[in-house]
Amino acid sequence: MGMVGGGKDAFIGAVHRSAAALDGKIELVCGAFSSSPEKSKASGKELFLPEDRVYGSYEEMIEKEKALPEGERMDFVSIVTPNYLHFPPAKLALENGFHVVCDKPMTYNLDEAKELEKLVEKSGLLFALTHNYTGYPMVKQARDMVKDGKIGKIRKIVVEYPQGWLAEKLEETGQKQASWRMDPKKAGIASCMGDIGTHAENLSEFITGVKISEMCADLHTFVEGRTLEDDGNILLKFENGASGVLHASQISIGEENNLNIRVYGEKGGLEWRQQEPNTLVLKYNDKPMEVYRTGAGFGFLSENALLHTRVPAGHPEGFIEAFANIYRNFALTLGAKLEGEKPDPKYYDFPTVHDGVRGMAFLESTVESSKSDKKWTKFKS
Amino acid sequence: MGMVGGGKDAFIGAVHRSAAALDGKIELVCGAFSSSPEKSKASGKELFLPEDRVYGSYEEMIEKEKALPEGERMDFVSIVTPNYLHFPPAKLALENGFHVVCDKPMTYNLDEAKELEKLVEKSGLLFALTHNYTGYPMVKQARDMVKDGKIGKIRKIVVEYPQGWLAEKLEETGQKQASWRMDPKKAGIASCMGDIGTHAENLSEFITGVKISEMCADLHTFVEGRTLEDDGNILLKFENGASGVLHASQISIGEENNLNIRVYGEKGGLEWRQQEPNTLVLKYNDKPMEVYRTGAGFGFLSENALLHTRVPAGHPEGFIEAFANIYRNFALTLGAKLEGEKPDPKYYDFPTVHDGVRGMAFLESTVESSKSDKKWTKFKS
Amino acid sequence: MGMVGGGKDAFIGAVHRSAAALDGKIELVCGAFSSSPEKSKASGKELFLPEDRVYGSYEEMIEKEKALPEGERMDFVSIVTPNYLHFPPAKLALENGFHVVCDKPMTYNLDEAKELEKLVEKSGLLFALTHNYTGYPMVKQARDMVKDGKIGKIRKIVVEYPQGWLAEKLEETGQKQASWRMDPKKAGIASCMGDIGTHAENLSEFITGVKISEMCADLHTFVEGRTLEDDGNILLKFENGASGVLHASQISIGEENNLNIRVYGEKGGLEWRQQEPNTLVLKYNDKPMEVYRTGAGFGFLSENALLHTRVPAGHPEGFIEAFANIYRNFALTLGAKLEGEKPDPKYYDFPTVHDGVRGMAFLESTVESSKSDKKWTKFKS
Amino acid sequence: MGMVGGGKDAFIGAVHRSAAALDGKIELVCGAFSSSPEKSKASGKELFLPEDRVYGSYEEMIEKEKALPEGERMDFVSIVTPNYLHFPPAKLALENGFHVVCDKPMTYNLDEAKELEKLVEKSGLLFALTHNYTGYPMVKQARDMVKDGKIGKIRKIVVEYPQGWLAEKLEETGQKQASWRMDPKKAGIASCMGDIGTHAENLSEFITGVKISEMCADLHTFVEGRTLEDDGNILLKFENGASGVLHASQISIGEENNLNIRVYGEKGGLEWRQQEPNTLVLKYNDKPMEVYRTGAGFGFLSENALLHTRVPAGHPEGFIEAFANIYRNFALTLGAKLEGEKPDPKYYDFPTVHDGVRGMAFLESTVESSKSDKKWTKFKS
């Protein structure tokens, strides 16, 4: 793995590295960790990389790695830069035959996303988008139960993603995470919806298997002086006739990272909350609530839930483990591909470039809807 | 107290009687418990009432009670009939000098509500509307903390009221509670929003002290063959600039009576959930979450919270106790009034005819908004 | 109902009155509310009782009520005094033909308890002991499930009752509840174990149906200057071979009224917590946890659970409702008896004088064990 | 790092490897993964190790690694074998100048533990014992708050460790984890208390800083045919006068890995539960409960809590992260030592050989107490 971005002070770069390292299947072999060559070097040193594989730019990295003999060069690029710097290295990597893992939202805008989709399709290379929350075992369990008809035809979906860390103007204090997320040049047309709203959108479609068809968005900027929204509420229509509510916020003060979803079908309902990710609740009208829990020791979880679990029940698996499931699956799928085998669908289970296109369409539809006086706006395709 | 409605099989009548009895300040002295005189008699007998004070109709009750000497006649009427039978007995009671406690939604439509408001104002009589959830001690605590500025200027309100009991067509099984609620002749223009949505609306305004100004509603009927909606999602604007989400449902299968609210201000957030009503959570960015709990023994609760509490902390107070707080306050206020004293504002703390008007305006605005293609509809006044 | 004790400032008297009033089946008709005749009169007035039925002493009450014509006199006595004043009025009531409801622990010592048991047996009168926690619907459900073999043969029982209200020397501040509970002349040989430990003992035997046979107690007095214990931990052996732990405390600071129990059998485990009394959790190794919830609307609860429930699921029932279940059952059983009918075993379901004897034996065994150097002490019989 | 044990099918070996890898500071360079050289080879291959550093025995590993040039050889040994195989490789490693990380309980018996302690002291080498639960950020926070006097002088400690996975005779099904834990030749004199009871003992002393002085143990074997105990309840006395309860179980059916602790002092109480490890509750009599949560973003956590946290609040950290904190601290301390620097006490914060001696003393005292008729047995030293 070669990394683009993720130098010192970056939050998500360290998460990607831990996630990639957790299962001993991926080795960080090179990186272009910063747009400043010196910072990149310093970061590489801290990561015990040999000097000659710490590059001053992603262009240099892709060029020089490509020149290395097969077996020595990196197998794939992991892109952990701010949004506006996803597309250029992803494109260059794909054009030079490198597989890609990329953070979300996938690109700066929908056009870039569609271009990337074409590149991936043409190249036949693997592309994983780190919608990491779909890596949790109980999210797999939820999806599998919906698919198996356990809750019946879906009627209503409520998905929330409240955070509170931007309730004050943190971007003016020099906090790097806040700064670029509130800068439209770096983040794109949305802040709250891009950073976390897309996770909510992705999660709801991942678990239910139904797609959003129309939306009615109400975006807000509560903290004065911001260009981008820091909060938003959306009414949803799904293709199967279900209705939905999605709301996300960066100003819901006191909230940490409270992504959660409730899905109600004709036969049952389910509830999952990211802050206690090892618990999945099934609700019925005619029998007691059932609480499913992550854990390798039990016989009643879905095969997919068990495949994404490392330790017995009651040994909590968290954010990094879920993230690592994306990387582990990517590594196993890539491994199969490199061996010329057919990838195992059990492991070819991670978000792809198509999720990324859908996420960007969600963002553009949301912003358009929020500006409109009409109640309903079609989900762009 | 004389009761209108609440005969055998009625759910809410028994709740009203228990609530009225709990504190030993109110005595049930007469009733017209059913539109069938025989059923009314039977119910009265079960309640140990003397035969001559069990009436065949509310008209008879009001006429005969009025004829009794002062001190013997009932002091007030409690109306616990289906929605379409709230207005006629309330009107008659007020016109004949009786105070009124009435279930919600207050009337069949907004016009009736406004007429009732005028009647109350003209008569100077007391009128309590049983938005019982505002009777919980922790709801009082929440309101008091908002008023004291503990969470700062309010930015966002999320209020939910999911239930699942009507996920199937229960009204066709002869279940009385379901039947009238799904019958537009008895329930009015809304089912879900009238039965529970108004509670959510009332609770959000009660706690925050700010009023809804505009709404964007999306109502649904999921169970085939129903005339009225069984689910609805609403985006809200509040007069102070806050945004909000209100959703209520009768088809969120597996949900019991899950009214809950989260309010986020500039300095803190609060969360209250009716199913665990003795807990109020305060959230901050800069200090640990605080958990306030109902309980007479502690010194840090608001005076109002303590005034509506009967037992020490950890002795759970529930639905009936909260309901009883409305009755207890009504009785104390009425007692003062009857003694010619000025009612104590600490006890003159129950929903009134004005809340009832607002609730009916909410219903008519919601239904209008749901039919509209425009995003925003003004809250009727 | 005539009440002994429960004047102004008394906590538990008001609870008994509310509990008795809740279901409209019991009327407070007289009382001797205080050892001070003046205070008794004042309390009676506040309760809207006629002056001639507010008595200066329980002896007077029993004598004068007995002299009233049948149908006018009280049917039973409710005793809500401090422990040392349970036995004398109970004895006198029974000797004069009055049924009795009595607070716990039943008497001042085991000898009194056994004498009372004989009196009850000889008289054929009804006697209810208000181990109120057994009145909760989910406690009935737990008992019924154990009886039905749902969790198999019982192996381990953990029952806790931590409180924190006496972490400081509250009895020196004039707080009445604290004063008599820490006074060995009024409370008996134990404070913490008498006030709350007996509830834990009673609950564990009620739910499991197995009896404690031996114990190893370690009682403590943490607050200096106290004569009685304010904390205690006990190892238990049960007759069926199960092991157990019981601990109770008045100095577990910050704890409210945290009675809870976990029972583990060969097939499953159950957990119930009084502070959230409407939830009962069933745990298994081979299927998901099940959460049972109080609520009249569902079809899968035990008949007994439903019989002790007033409102639909999600409308929380609390401490007073559970307490009221004891009174309601007592009233229905008494009613049947007065009508010459055979009491319905569904309602003849409340703690009796035998539970009271067992509670006093528990206290004396516990104190003996705590003083002993031997590990195990037999449960007195 | 060279690993002893942890071949295929071993649960804890994989955890150790993930924990060591998580922060990119430790590399697995060699191993003797099984007593069968073939299995060891196979495991080494799966772990991408070069063949010549996969050894057939720990003796071979230590000998050959020692022969490698400095800088190439492993820095320390990680021992993840069953209990009876901790001492021999630990001793050999220390005698040959290798630092050691060892799983718990530290040895087969107390004598071995004391010998190891002497070896560590004499050699000046680092020794970490993986009482991993002390690695959780909120456990650090709890310890720091107790040390800072936040809850005052400690009065009562309740520590529990219920599991249910051995409620049936799993060891007869060929399940490897169960087999050796129930075999006295491999596990030692205790099963339940050795495997999990010691964690509870260690946690209680770690958080409170006070030592157990006496105990009264009641151990049980519920599943027929077992030699070792599968459940146990213990009353505790602490050196400072506090009292305590410790119970642990492998037959508490339906329980996962429910280690939890409550500590009550004179000013406040705290509660931590391993299954939701990112939450620490502080309880008071005179102010609302406070909920502390793991999270790098907040300013009010202790320095130590923050140092052991990787991601912002609401991004759950779990079992592996806590485990990794032991390894990370060991690596940083070892790094300083290798550089000739004084280890930073902030990182020299992991359980050592002294905790291991104490754990073995706990086991021997517990078993002795359980066999005794006397109530109290001194904690061996």
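Order as written gives the chain letters A, B, C and D; numbering starts at 1 within each chain.
In the analysis below, a residue touches a chain if its C-beta (ideal position, glycine included) is under 8 Å from a C-beta of that chain, and two chains touch if they have at least 3 such contacts.
Because the structure is predicted, anything quoted here is derived from the model rather than measured.
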Field: Chain pair with the higher count of C-beta pairs in contact (A-B, B-C)
entry: A-B
Query: Where centres are the averaged C-alpha coordinates, which chain has the largest centre distance to subunit C?
result: A
- prompt: If you average the CA atoms of subunit A and of subunit B, how many Å lie between those two points?
  reply: 43
Field: Distance between chain centroids, defined by C-alpha means - subunit B, subunit D (Å)
entry: 55
- prompt: In whole angstrom, what separates the CA-based centres of subunit B and subunit C?
  reply: 34
Two or more partner chains touched - positions in subunit A: 165, 255, 282, 285, 289, 293
Field: Interface residues, subunit C side, partner subunit B - complex
entry: 11, 14-15, 17-18, 21-24, 28, 47-48, 163, 165, 255-258, 274-278, 293, 295, 297, 310-321
Residue ranges of subunit A in contact with subunit C within the complex: 282, 285-293, 298-300
Task: Would you mind writing out the residues of subunit D in touch with subunit C in their complex?
output: 151, 155-156, 158, 160, 162, 164-165, 167-168, 216, 218, 220, 222, 231, 233, 235, 243-245, 247, 249, 251-255, 262, 264-269, 282-285, 289, 372-376
